[in-house]
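The structures considered in this document are given below.
Below are two complexes that have chain A in common, paired first with chain B and then with chain C.
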Partner chain A sequence: MQRIDSNHMNERVFELTGYRREDFSVCLGCKICASVCTVNDLAINVNPQDILLSLFMGKAVDKAHPLFRYCTNCYQCTNACPWGIRIPEVIRAVRESLGMETLFERVFKGSVGIWGRVYEPYIFLKTGLFLAREGYLRYMPRWTGYMSFHLPKKVKIKTGS
Partner chain B sequence: MKILIIGGGISGISAAKVALGKRHDVTILESQGVPGGLMARIANCRVGFKTFFDEIREKKGLTVINGACIEKVKRVGMGFSVGLDNGQVLDADRVIISAGLTPYDPVEYKGKRVLTSLEYDSVIDQRQGELPSDFHKIAFFLCVGSRSKEYPLCSSVCCSYTIREIKWTLQRAKPEITVFYNDLRFFGQEFFMERAFRDSGVRFIRANSRYFDEDDDGVTVRFYAGGGIKEERFNYAVLAIGLRPNPELKKLASLFGFSLNEYGFVREDRPLTTDAEGVYVSGGALEPMNIKDSILTGFGAGFLASMDGDTRDDLISYNNIIYREEPPAFDISDSGHNIYLFYLATENPGHAYLYEYVSARYIEAARMLKREKKDVYVVTRNMVTPSYAEIDYEQARREGVVFIHLEEEEQAFFDNSVFKITGCGRDITIENPRIIRLDDYIDGLKEKEFLSLYRSEPQLRWSPTKWNRKRYHIGFIRHPRDKRWEDRERLGAIGEITLNMIEERVLPQVNEERCSGCGSCKNACPHEAIEIELKQKDLAIFGPNPTTFIPIAHIREDTCAGCGLCVSTCPSDSISMEAQEFLGLENS
Partner chain C sequence: MLGHTLVDIPDWNCCGAFEYGDKRKLMELSGENLKKAKDISKDIIAPCPACSRNLKESNEDSVFRVYNPIELFTREFLSGLKIERDLKGQIFTPYYGCVLLRPKETAIPDSNVMEGFVTNLGGETAGEKIKDRCCGGSQFFINKWATERLSRMIIEKSKGIILVFCPLCHMALTTFSKDERVVYFTDLLLYVAGERAHI
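Coming up: the complex of A and B.
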């Protein structure tokens, strides 16, 4: 656990989520969110309430909490929560304010910030090395297809059937 | 006077009882086929309701209209002309709204194996025959459809109802029972029941779940407890559903011209009175409340509606038999601490009756301290904030008071000016706080005679404020809880006194010639109403002492409940039962 200026961090989280502190400090501690959390399908013990509790106690958040890595933003917790606390948004905000996002996420957001859409050349330019190193490219068998859009017609590579 | 009571539930019937006793014409309007309301839907309460209703069913002046709704209302002078949907038109001088509560319907979770508490009630109802063959593991889930964003009030009865359902289940079978709770909000002596069930193997888990994976022969529930996620299979899952305001109240409000509050309940102008002239309110139309309180408010509204003009003088005339006490002051003297910690937990079920009162005081104090920019923690096993108190609790959470809920396995201890919570995966330390404990407050209350501690559940239900025949407890000394109840209890007590005055009292009489003063009646009396007195008596024989003292049983009328045990115990048949006039008001 890393100690940082927790109060400052917390304020930033509230700002990023567009949430006021009082909106998620209503947490009753009923652990309904943990019971429906899809991350727990992977046999990982997570309780989103841990994060909320350390936030409203003004304590440093445990960076190693599995939710920061595995949360899929499915909003099941928000649906089930009696108070409708938007936990995925809180998690995203903590990730952003603690600099826990991957390079890809940062660049993706940057692209949206600049062009208002996902502009692949920018993303590949910025993250190509990262994607190659982390082995993400094999999940994109047709990535050349995207690239061909920017190539002269003659050189266009035929892909697929 | 003609009094119209809308709603034939338990509070409507209680109001009718008082009004009939004052010899008014009473009409009960019930929208369903038979009177009964929510109370009669509970199998074990049906008989109680029927007995209570049978006492007035045949009374002159009572009309019960079943299966009818109000179509239009016209104000005629001080009264109303009420048109029903079957064409009937009723005249009423006073109206009592006792429309009751509507149970929440959890459609998204309900199924064949996931039942609501009312559905489960009919499963364990003896009249429905045998229990299902697979009745081995049952789970109860509290706070379904209450204490949430859309309905922020606590329903205040689901916990008590659940503990009774456990009792009724255990009377018939011995399944493994697990209770998933957020807070256990019991009333007085029910904390002893909780302790007894814990000892006999009922599991209590401080966690809740909405993960119900249901198939033909069971339901798999996932929950987070003890620092890890767990999956368990149950035969049945029971959802303790919340109680919400009756949607019909909206229509009634526009017809009669009274107003509702933001949660959909009737706004109480003065105690048990709406802001429309001549319209009174009782029971579940006020807020979610249990049967005891419904009867109490029913008595109160019945009394109010049957009084002419100003009731203030009447209230004063009852003051010598109504007993109230000011609660001891609760103050946190400023000690220069920056961190305050309220520790709301007790291991003694005999102290737990104070949870409700102390929770409210702690929340009040915590919010005040928070406004002074202090760090405030409330470490709690049970936060008992029923109905409207839940709003203050929510506000306190929003204002930044940190509530730490102790799990079952967790231990809290105070060590070298550091407060520590350990167990199940999380360690919380709070350094150098000023600690305020529940047990400290209790020390000043050892000698108090709280009515709710001395009376059993049925006694409290049918005579909600009676301490003895010359003393009726209201407010803090009846049961420690929110201040708004005291005024309602005052009216309820007067209603109850009215009923007791009407009732013919049957009290045992001692035949002093035959009594030998053996004391067997004294030993038999469950109410300690008999004492052996020494009576002076002249002796018929000559001697140095012409008079002597002989022991004779004396029955204290104010304590005697008229149960008749002494009559059957007396070896010389010298006690007999005789009808007597009620003596409660002879001093006034």
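Coming up: the complex of A and C.
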């Protein structure tokens, strides 16, 4: 059963990224992606190759892999990879497939879905408790330069989905 | 300053930044902006590195020319700029971060444009090793400690004024700086051109 689930999940990742399973067969296991990864600077050891290997082998990816939590989308891995594999996009697709979005990501997409843009007062309203609880409010004095109030403008997006 | 006329894309929508796992959805969002712009101009300029990157990638058939503004500040342009002040005796750390320089397909062509400008005006540059490191800005509302650690590392290895050209880098470095100054490159341009009193 686990096998069927992982295959289904992996297929979904290929669908979301546009990669095919065989695209990861070229990974030589050189681990240059691991050596340049920004997450190393957080004193967390990561090896992005683990994820590519699981997808190639049709195995379930490890949901607890630290990259699913800490990848910064910096593309250091992609630039260093001899094949230019876009690992951040693979990670984002796995996160989406496994429903690993955080509150902020859900609200961001919610705003884009409703208004077509990021409407800051909406984001603030939806994440206010989280921002207060997690200690973000103390940064507010430094953010005054970015703040202004405006009414929402709903824009039309005619994408395929 | 550049002599171009800027027109907003009518009814522009968010490019989705890096928030979507579905690449087609992400490309569609920027594709929609390109569709909205097609009757106005084929030259698209987007000042956020994530927006310009997504637009460049969405412009598969190269119908448009998509730029980040930093690409317009070519050495020819900068050398032709009317200069009112020099930068002698001042130290700057040009900081590019991630998306301006990566991935290669959408990177800006000149990864030393800020250094060239500062040194031409007699200023000194520092921080070569951290210019392309990540500030962790995209983790800011997910794992704040991670952004703080990455941004502090950049700040601590910088010297003088940190020059940036990304709103997310500006916000992350400003949030976690102590006395260090974080300045947009365009503000430095206005300063040397005499259109701004202070850096």
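Criterion: the second predicted complex is superposed on the first by the 133 of 161 C-alpha atoms of A that agree within 3 Å, B and C clash if a C-alpha of one lies under 4 Å from a C-alpha of the other, contacts with A are read in each partner's own complex, and residues count from 1 in each chain.
Keep in mind that, in the parts below, a contact is a pair of C-beta atoms (placed from the backbone, for glycine too) under 8 Å apart; a residue touches a chain by one contact, two chains touch by 3 or more.
Computed from a prediction, not measured in an experiment: that's the story for all the values here.
Which of chain B and chain C touches more residues of chain A is settled by the count: it is C. Contacts of A:G99 after superposition on the shared chain: neither chain B nor chain C is touched. In the superposition on chain A, contact is made by A:I32 with chain B only, not with chain C.
By the touch criterion defined above, A:N40 reaches chain B but does not reach chain C. By the touch criterion defined above, A:R69 lies against chain C but remains apart from chain B after alignment on the C-alpha atoms of chain A. Contacts of A:G84 after superposition: both chain B and chain C are touched. In the superposition on chain A, the residues of chain A touched by chain B in one structure and by chain C in the other are 84. By the touch rule above, chain C contacts chain A in their complex via residues 11-14, 16-25, 28-29, 31-32, 98-99, 101-104, 133-134, 136-139, 141-144, 146, 149-150, 153, 171, 174-175.
Interface residues of chain B facing chain A in the complex, by the touch rule stated above, are 143, 147-149, 182, 207-211, 221-225, 227-229, 394, 397-400, 402-405, 426, 428. By the touch criterion stated above, chain A contacts chain C in their complex at residues 16-18, 38, 41-42, 69-70, 72-76, 78-79, 84, 86, 88-89, 92-97, 102, 104-105, 108-109, 111-112, 116-118, 127, 134-136, 139, 142-143, 146, 155-161. Of all residues in chain A, those touching chain B in their complex are 21-23, 25-32, 34-36, 40, 45-47, 50, 53, 56-57, 80, 82-84.
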